[in-house]
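For reference, the structures are reproduced in the following blocks.
Shared chain: chain A. Partners: chain B in the first complex, chain C in the second.
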Partner chain A sequence: MKKTREMRSSAESLQVDAHGRLKHFLSIDGLDRGLLISILDTAESFAGVGERAIKKVPLLRGKTIVNLFFEPSTRTRTTFELAAKRLSADVLNINATTSSTTKGESLLDTLRTLEAMHCDMFVVRHAQSGAAHFIARHAAPHISVINGGDGRHAHPTQAMLDMFTIRRHKGEFASLKVAIVGDVAHSRVARSQIHALVTLGAAEVRIVAPRTLVPPGVESMGVTVYNDLHTGLADVDVVILLRLQNERMQGALLPSSHEYFQYYGVTEEKLAPAKPDAIVMHPGPLNRGVEIDSDVADGSRSVILRQVGYGIAIRMAVMSMAIGSHAAAEREDG
Partner chain B sequence: MSDKPDVDTLITTLAGKVDNHLAVHHRDSPLMVGVHTGGVWVAKKLHALLGIDEPLGTLNINFYRDDFTRIGMHPMVTPSELVSVDDRHVVLIDDVLYTGRTIRAALNEIFDWGRPASVTLGVLVERPGREIPIQADAIGVRLDLASHEYVKLGGPDPLSLNITRKG
Partner chain C sequence: MRVRIAGARVVDPANSVDAITDVFIADGCVQGIGNAPDGFEIERDLDATGQILIPGIVDLRARLREPGAEHKATIASETRAAARGGITTLCCPPDTDPVIDTPAVAELIHQRAAESRLARVEVLGALTRNLDGRNLAEMGALKEAGCLGVSNALAPVTDTEVMLRAMEYAGTFGLTVFVHAEDARLADGRLVHDGPVATRLGLAGIPEIAETIGVARELLLVEQTGTRVHFCHLSTGPAVDMVRDARSHGLPVSADVAIHQLLLTESDVGSFEANAHVRPPLRSLDDQARLRAGVRAGVIGSICSDHQPHELDAKLNPFPETEPGISSLDGLLALVLDLVDAKELTLVQAVAALTSGPAAALGVERGTLGVGAAADVCLFDPDEQWTLDDASMLSRGHNTPFKGRNLKGRVRICMVDGRVVFEAPSA
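Our next item is the complex of A and B:
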């Protein structure tokens, strides 16, 4: 808990500059409603770029963005890469699980080496909570850091793309009831989603999960906890499913994936208590037959594949905002 | 020259000049595109006056600005809306032609939407101060403003030209 609080206060000062501009994007926690809305609005204006003849804008021409991934990821890394390329930036992909870090190079040495190559932004994915904050604190002043997922702590771009999806399909947050279903305890995505939904003023945020997968004290974040899917989904506008990570089965938190599907796996039938026009979301990759049934995943209420496209727009927005504020700050200083 | 030219009269003048320019150059079925924000206001009126069938396109040139590395992102809500410009006669409309940098950015964006057959530039107001070699094909009015004088289109309802002096 102490660690979370420290991370929170440092995130506030680290992420936003004196003019209220986004400097680094490390967690939703510490960002106000206005800034979240401006990320969504900026992403909205990038959303059309992918539909044009030339799917690129020249905004970050001459900038170099490093995808620094210490944890394997295909989906997040490729959407960050595509977002950077659509902004005309140059991209370096460093898979740190197989690079010199495994040869014993320290994280700071890796940073200094990359800084020496005149990079402008690091997108960091790490299994350790707080890794992106650490890098943001220690990186040279001209470098922006984006958190691409750190341990169980945060995955802010995923949360923002989910907010973007909700706003596009369901409109204003103030009238919406949102249920987050699944392994909230181990999910950095859920943590960021809860912060974002509460900050954006969603009418109600629910967590629906077995007791073993509900983090203690989560109610203090402003959510209502349901242990039963039927009541948890009653009258909701948005159903967000989380991936059930197979490794959780080994810790005796759940009897089996089969049993999980019995009680918490979302089928068309179990979706019945939700509003008829409710949307179903999932950050991917899907475990069909575990947390979601194929009929739902491929059904008319699923917006899962759209989320992928929106993820590119959101990443374009935070990248250009963070690099833009650094550029403006350098000019003001100099 | 009055400080407040009547905008509707200027738009009628501009419509005639755009129409004439298109006719002289045999540019049929034009695609009209306004530059956010003032250019879109002017383009909407021109679009109606000239009876163009195709919906009006809009450009938000924020992503093409040459001052991004100086001032960062502009807050922006309205994205560009354009159909394919391939082989089309594009009529680009802006409110004020000053340094030419906005039009440079707009041209770059148009060419990212495709390869137009031609681009005609129409502006409500032309004033001195070009920093790059760009000129309009059709002009509502030319105002010989000094470098400390600024003209801005207010709107959208009603449209009005406001001239301010700084320093």
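Our next item is the complex of A and C:
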């Protein structure tokens, strides 16, 4: 037990400085409730910026942010870019799936090259779990790293925008029952959501999936496992659906998308056991007719499109807090 | 040189010796224990009061990286680390490049070891040609070239008929088959123990059944063929039970465990610690306890280093892209002594698992201080404290999750054939 705690504290210290300020944002795991609340509160203060005529605040003027994407992404990269621009930062987009890394350059060499260009922050997306931790460990000390999704491990800004959505629509977490439905085993979003919901004190966090999509020992993260959608959705306030990747729909995990929809696809009818005012969320992109029926996706309980908008505010919050902590640390050192 | 090592606690499980006594060495052999042989004129008298003398350690599995991966390590560099660590025999698995599937490669390794003269290096020949899992290697020729057994190293033999025939054929020549028992389809492309840590980190997990299904198949094949099988680096509790039951039914099987499996668990992967990336993976606390119990009960007869030195870059990547393996020669003895300190093993059990146990698995007359035996000995100070770090490691690979660990017990003198291959400068 002692060992586990030591490991945790080392993970924490990678993300948080001695004063408890956010240095890197790699994973929800290891961050405390106070810090998550302050991310949500900071995002709240940015939420109106996009509605103004001049959609910019000068917080990160003169800073350079690199979107370092080793995996294709549209919405995450775009919202990070918009968030950075609204903070007045300069943004460099590097699509590493088509750049030097495919020519065999090591990740560390790519990192050193970018460091030499005096960047202040890397937003990283990578297909391998642990990539953001690796980059944070090896990046120069003045650089902040934001995890934009690594393998199956974590997607903390997505989870925080989901928490933001829940708080806006449902209020305090302590009274909420939340069901996460779908492919938890392969989902970085689900892992980060679970850590966030548990840390923020949700009354109950459930995962609902066939046994092939439930990772072993997931109960140790603080969730209850349901294999049946009907009982899993009973009395819940929030339903979060996960995207089912195309490649999972055949082979040994699932027989077909048709059968998946039959047992786990959410329709208006299957939402009946949930509370009447329950909201439905999805990180996108949607597979209509697989994990979600169009009636639900476009229905009155869906907050899916709102989530996208909140994503910008959350990313502004995380970026400004992480760069802010470095600036504060430099002031103290100076 | 006629040597007396005087006043050490001599622990020699092969001969049921555990006593403070004198050991007399000459002409490369142990000449006497307790009393000097007639006419023995001492040329060098070593006062070893307060120290412990054991047979030289026999390490069942150590990658020396030569031939094929000399950027990671060489026979010269690794035998130097072995001598410093009291290891007098190293056994090299066949997954070199080229693979040890021809006598020429075995001879090359023996030749390089003979040049270094710092440790004996034994080799296992390939079970299948180029470890392809399909075509039998020329095991007869490999045996003649000095291979002590055959193995497919970490490469799978998924086709059960091939494994059946390979065992039959190895048995024809009296060769022991050293197996990495694992169902390849449940392990390929996966990284860590399939448990809470894998789930938290989003790393694909290798389930326990990957090992137990592998062990079950090989045990049934042993029953069928009668060929002697040695299970390499067991990692799970249920596999220990299966090997225990097989032994109690008289099947000719033995097993070893890697030292890190006895001291670390899945939680040491922490937040993607690449140095804890090893295959088979670090398992649960329960598995660790059952592996320790297996060593105590003698079901697991050997503790090995499972040494896998790497260059720095091999671990400088996101966790899934790092190469598995731990560099373990430098700390092996002291880490095993940690288990003695923690009362998990008696000193005699620990020494047996480092000497007579692995010698028996290899079928060699070593790991003993019997009169007439080759004088491969390791004299260590059980109280000397040191830190495993870049400065103290002689292996070229510094990839170990034990780095920074404070250890107790350090080699003073190591001899091979009565020849001093390492001696610590006297304090």
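We take it that the second predicted complex is superposed on the first by the 322 of 334 C-alpha atoms of A that agree within 3 Å, B and C clash if a C-alpha of one lies under 4 Å from a C-alpha of the other, contacts with A are read in each partner's own complex, and residues count from 1 in each chain.
Assume a residue touches a chain if its C-beta (ideal position, glycine included) is under 8 Å from a C-beta of that chain, and two chains touch if they have at least 3 such contacts.
Here the structure is a predicted model, which means the values were calculated and not measured.
With both structures placed on the common chain, the touch criterion links A:R52 to chain B but leaves chain C unconnected.
By the touch criterion defined above, A:A328 reaches chain B but does not reach chain C. In the superposed model, A:I314 lies in contact with neither chain B nor chain C. In the superposition on chain A, contact of A:P215 is made with chain C only, not with chain B. Once the two complexes are laid over each other on the shared chain, residue contacts for A:R21 go to chain B alone; chain C is not touched. Touch criterion met: A:E44 reaches chain B, while chain C stays clear of it. In the superposition on chain A, contact of A:H126 is made with chain C only, not with chain B.
Shared contact residues of chain A, touching chain B in one structure and chain C in the other, are absent. Across the complex, chain C is touched by residues 3-4, 7, 10-11, 14, 29-30, 106-108, 126, 128-131, 133-134, 138, 150-154, 188, 191, 215-218, 220-221 of chain A.
Residues 21, 38, 41-42, 44-49, 52-54, 56-59, 320-321, 324-328, 331 of chain A touch chain B in their complex. Contact residues on chain B toward chain A in their complex (touch as defined above): 60, 62-64, 68-73, 75-82, 84, 86, 108-109, 111-114. Note for the complex: chain C touches chain A at residues 194-196, 198-205, 207, 265, 267-268, 270-272, 313, 316-321.
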